[in-house]
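In the part that follows, the structures are each spelled out as structure tokens.
In the two complexes below, chain A is the common chain; its partner is chain B in one and chain C in the other.
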Partner chain A sequence: MKVTLAMKPAAKGFIPIEAESIVPKNFLSGTDLLVWRGNRELRLDEVFSVSVEGEADRAEGVEVVLSGETFRLKRVGEYMDGGKITVLGDIGMHCGNFMTAGTIEIHGNADGWLGREMAGGAIVCRGDVADYCASGYRGGRKGMKGGTVEVFGRAGDFLAENLADGTVIVHGDAGDMPGAEMRGGTLIVHGDCSRPAANMKGGSCYVYGTAREMIPTFKKIGPVQHDGRTLIQFAGDLANRGKGNLFVKNYEYLD
Partner chain B sequence: MIVKDAVCPFCGCLCDDIEVEVEGDRVVAVTNACELGTTKFMGEKRLKNPIQRVGDEWKDITYDEAIRYAADMLLSAERPLLYGWSGTHGEAQCVGVHMAELIHGVIDNTSSVCHGPSILAIQEVGHPGCTLGVVKNRADLVIYWGSNPIDAHPRHLSRYTRYAEGFFLDNAFRDRKVIVVDVRKTETANIADEFVQVRPGGDYAILSALRAIVQGKTETIPRTVAGVTREQLIRVANLCKSAKFGAVYFGLGLTMTPGKYKNIRNAIELVSELNRHTKFTISAMRGHYNVYGSNEVNTWMTGYPFGIDFSRGIAFYNPGETTAVDILARKECDAALIVGSDPAAHFPRRCLEHLAEIPIVQLDPYPNATTAFCNVQIPVAVTGIDAEGTAYRMDGVPIRTRRVLWSDYLSDEEVLSRMYALMQEAQQP
Partner chain C sequence: MTELLVKNACVIDPLRGINGDVMDIAIRDGKIVEEVSDAAEVVDARGMLTMPGGIDSHTHICGTKVNFGRYMSPEDMRAGRTPRRGPMHATSGYSVPTTYGNSYRYSVMGYTTLLEGAMAPLEARHTHEEFTYTPLQDTMANTLFDGNWAIMEAIRDGDIKRVAAIIAWTLSAVKGFGVKLTNPGGTEAWQWGKNVSCIRDPVPYFEVTPAEIIRSVVEANELLHLPHSVHLHCNNLGTPGNYTCTLGSMGLIPDLNPKRQTLYATHVQYHAYGGSGWKDFCSKSEPIANFVSMRPQIVIDMGQVMFGRTTTMTADGPMEFNLYRLHHDKWSNHDVELETGSGIIPVVYRRKNLVNSIMWSIGLELALLTKSPWQCLLTTDNPNGAPFVKYPEIIALLMSKRYRDAEFATVHPDTGSRVPLPAIERELDWNEIAVMTRAGAARALGIQDLGKGHLAPGADADIAIYPLKIDEVDPSAEYQKVIDGFSQTEYTIKRGRVVARRGECLVHGSNATFWVRPKVPENYDMSKDPDFIEKFERYYTVRMSNYPVQEEYLSRNRCIETEADL
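After this line comes the complex of A and B, so read on.
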């Protein structure tokens, strides 16, 4: 079953729309769903032109395609447990919150908290992601707990904060403090970033570019071979009695 | 008439030993207050009555008309923002929270642009803090990190630290050491025993290095960290470990520089580490006299300290999404009520561009930068001068501010309560 949701032009500018009901499973029982614009509850067809092709009896057989000005659409795919969501443009905050299975593919950019606290499944973003991609909630001890997030563009600050398990791959540069407080899992940044793996406790963080403003409390172990690259291995964060591994191609301190 | 023991409604110190001399409806002299407090007590030209923008001109309107305008504006909005709250008393803040819940709006206070990151860090790792009195009587080491009390909290030094007597210190001035950490040599740095000059953006690295040194892992630290030599870091760590009671006071130099709440988290974790060796506490140098109060009121009423989004009927909190700067920069709100703050003077340009596009009502005694963006401004009595109410000092101690003179102005609480009553009426089926 393919559900196409084309966003109608908005009368009231930029007020965000919270659409946690847009999850493949929900479309098995029709398109009679509700979303919120600010403090008003609206029917799905008041916001989108909805069309459905084919049939399905399981979430795995449902693909939801979103088009139009979806950059202010929040919480799409929250608690998703199967099926596929394809976003043709940009997507708003909290896409794929808590997802456990299935696939989300974003052709444009994603706003903050993409894949927050996700536990399984896969998210692919062809554009850039904003801050807190694959991270946790405020004050939480564990961020992402499983699954895969792959970003082909750049990432903002605090990428994979509190990462507990799963894999996060960013093909471009990342911002400040990727992998802060990480305690498990794998974070790979193909480009440059600043202050990676600050206060890490466990897990592995790879920076294939330059790590700027390196945290001074990582102990240098020496060069290692990884995936055809020579990287320098560090252990840390010593300030946190951490037992994580940080691998960087180049590094510079703020001295 | 002389009013003794008045409470100064300027900064988070909430000095409660002020003497104010009043003649009629005017303050003529202020004793004990710092220059900032004195200026606030002496007052300036206040707005006489509510004003409404009509075309390019201001029209005088009545309180009833202004309150009605505000209630209608907020009721018809899909995502109203209620911002400010640090420059008013707790009772008015309570009405604000009730109002946000009733109209399903977003309520945020000025801590989202000052010590909000401190609260985020406290939510992650807790707060080993204490009251100012404990520091005054016990601390033999005080660290001012990214804060400059001589300019911003002038009496903090004389009432609680550098120049204060301490009950458990024989000669407080001699026994108490002061360390200042800052990116430039401030006035406060001039009176410090040790000044640590950090390269801008380097606080996090310094804090990590200090944590490792306190643990005895000195060998991995590079020769210099963010412009500070390893020798100085070791000296500072030793000063901290050998103190009987240490207190860290941090300011916006730590909360609003790269890393934000991670800086504070690192500072708190340094203090936790030091508590394995001696007694150490850490507290924020809060700015507005009742910004701490707005966090308290919000927390006991909603569970969250700032940036609370009621648009779905329940409280949702996510700084970076539900905070005023982010909402305005993303053009996400369609009306705003501003109480006791001046966002137009402090917010980024992108936020002001949106403020210029939406209807705004402001409650403030004085014309300010935000007045230029308002549709309606309602003058109110000033808490601590012609209105009274509860405020929270920077260490979380509630102090009731006193009225020193009587005027015809309504207080924030009265104006907001009348607004709230109109909204309740309109919402009844």
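After this line comes the complex of A and C, so read on.
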């Protein structure tokens, strides 16, 4: 079953739309769903032109395609447990929160908190992601617990903060503090970033470019071969009695 | 004139010796009266358990510390979310909820009066502002004097009357109610990176000992004729073997007041530990409870720990640093100039942890082994031992040996060899629970004459009606009914109005704050004392004229004037 949701021009505007109901499973019982804009609850067809092709009896058989100006559409795919969501443009904050299975593919950019606390499944973003991609909740101890997030553009600050398990790959640069407080899992940044893996307890963080403002409380182990690259391995964060591994191609300390 | 008649109430009112009599309660303009006219609105209690409104004699609900707990644990706000409903504001938070969250949840449990356990004088405005937004309870604040420079200097000079005068000025200035000593001297020592180990250790620079601070402040408190006694958080909280320090501190206290205790020792669970380290950590509830039972001048509260997630917060900065080194999670530390300090960390108490299991036992043992319920009040030191919403479970544990045994079977298997709990048969009755949760608290705080904690004509019409028929429920066996009954009142009446009914709060309410203004002779007026003024202006970051809290900060102002013997 393919559900196409084309954002109606009238629904444009500054106020974000909270659309946690847009999850493949929910379309098994029709398109009679509700979303919120500010303090107003709206029917799905007030916001989108809705069309459905084919049938499905399980979430895995459902693909939801979002098109139009979807950059202010929040919480799409929250608690998603199967199926596929394809976003042809940009997507708003908190897309794929808590998802456990299925796939979300975003052709444009994603706003903050993409895949926050996800536990399984896969998110692919072809554009850039804003801050707190694949991270935890504010103040929480455990962030992403499983699954994969792959970003082909750049990532903002606090990428994979509190990462507990799963894999996060960014092909471009990342901002400040990627992998902060991480305790497990794997984070790979193909480009540059600053202050990676601060306060890490466990897991592995790879920076294939240059790590600027390296945290001084990591112990240098020496060069290692990884995936055809020569990287320098560090252990830490000693400030947190950490047992994590940080691998960087190049690094600079703050003067 | 508004009148209300509560009919067919099965009343337990320990301060008047009423234990389960079915009667009517007449209310006019917020006070209990002998009788009302036929025009009075009627609430039919249908024989349900009716008691004076609950009084929490030690809780942390308002002020800088509590708010910093909220600030550093945004994840706590994911729990306990309720939307706006009728007159109720939206709430959120579990161990450190929003002020409305605290107020509604206490009200639904029948609580109408709360004592904030620790207010730093310099930061009093924040406490009073949050009191205003705790609308369904009357409030009062313990004021911290544990590391007060002027007081320690007066003690060093042996001038008790000056100690009293400084307390008098400060309480009036910050609209405080009682005198709180938190780890006396220890928090000041912490400002030098140190602590005091027990009551005989001198405080750096000031060269006074915690024992001298406790003795002098207790005497000064009685010279001022304050309603409440000194409220002490002993030195050495949370340390194995600290029970000797606790006994030593209690042993300092003479019996100076015929109406109430001379010392209120708070959250004694944390101060009743044996052993020389965590390996042989054990309960010393028995010597503590026996000591208290022999000394009418002492009242304690439990500081019960319940399993689960919570936030610890106290003015005891060095203790929180030690906790931080155990847990290695988040930590906040705060210094309050010439007065005190504080620390906060989140914790999880776990059944499978031996130390936590022993702590859980000790609190219950203190309540069961202290002979008189008037001397051991029910608290969790909210939220330190557990959020106050756990009170109904604690009541049920105290009333049912069977429930205790069932819970005991789920804690760490080695607990049995470290604590006396399994051998304790005592089950508290309804009347004893009423003492521990309202009547005893009112007497200990010295507010029974202000119309709190009882239902005699003239008293504030603060009443809790619980959906429990005490002659039909066997608390020993039907403990789940006890938990359910105390979790949600049928009616909570505050100042003569029904404010909560079956879990819903019905009015916006308006808080009253009790505070104390001791009258001192001219020569003991610190606002005119050149030495006090000079040091204040030199060391504080605020001007002395900007320090007092204006009365506009109090929404309903209940000033208690006392005559000092100076």
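In the analysis below, the second predicted complex is superposed on the first by the 252 of 255 C-alpha atoms of A that agree within 3 Å, B and C clash if a C-alpha of one lies under 4 Å from a C-alpha of the other, contacts with A are read in each partner's own complex, and residues count from 1 in each chain.
Keep this in mind: contacts are C-beta pairs under 8 Å (C-beta built on N, C-alpha and C of every residue); 3 or more make two chains touch, one makes a residue touch a chain.
Computed from a predicted model, the values in this text were never measured in an experiment.
Partners chain B and chain C, once the complexes are superposed on chain A, run into each other and clash. In the superposition on chain A, no contact is made by A:Pro223 with either chain B or chain C. By the document's definition of touching, neither partner reaches A:Gly54: not chain B, not chain C. Chain A has more of its residues touched by B than by the other of chain B and chain C.
Of the two partner chains, chain B is the only one that A:Ala198 touches; chain C does not reach it.
Legend: residue contacts after superposition of the two complexes on their common chain; A:Asn39 is shown touching chain B, with no touch to chain C.
By the touch criterion defined above, A:Ala239 reaches chain B but does not reach chain C. In the superposed model, A:Glu213 makes contact with chain B only, not with chain C. In the superposition on chain A, contact is made by A:Arg138 with both chain B and chain C.
Overlay on chain A, chain C versus chain B, candidates 92-100, 164-172, 236-244 or 524-532: the clashing stretch is 92-100. Across the superposed pair, chain B and chain C both touch chain A at residues 137-139, 240-241.
If you check the complex, the residues on chain B that touch chain A are 77-79, 103-105, 120, 123-124, 199, 201-202, 204-205, 208-209, 211-212, 215, 217, 220-227, 258-259, 262, 265-266, 269, 310-313, 317-321, 330-334. Only residues 137-141, 240-241 of chain A touch chain C when the two sit together in their complex.
On the side of chain A, the complex with chain B involves touching residues 12-16, 18, 36-40, 72, 93, 112-113, 131-132, 137-139, 176-177, 180, 195, 198-199, 213, 215-220, 237-241, 253-255. Residues 72-76, 78, 328-330 of chain C are the ones touching chain A in the complex.
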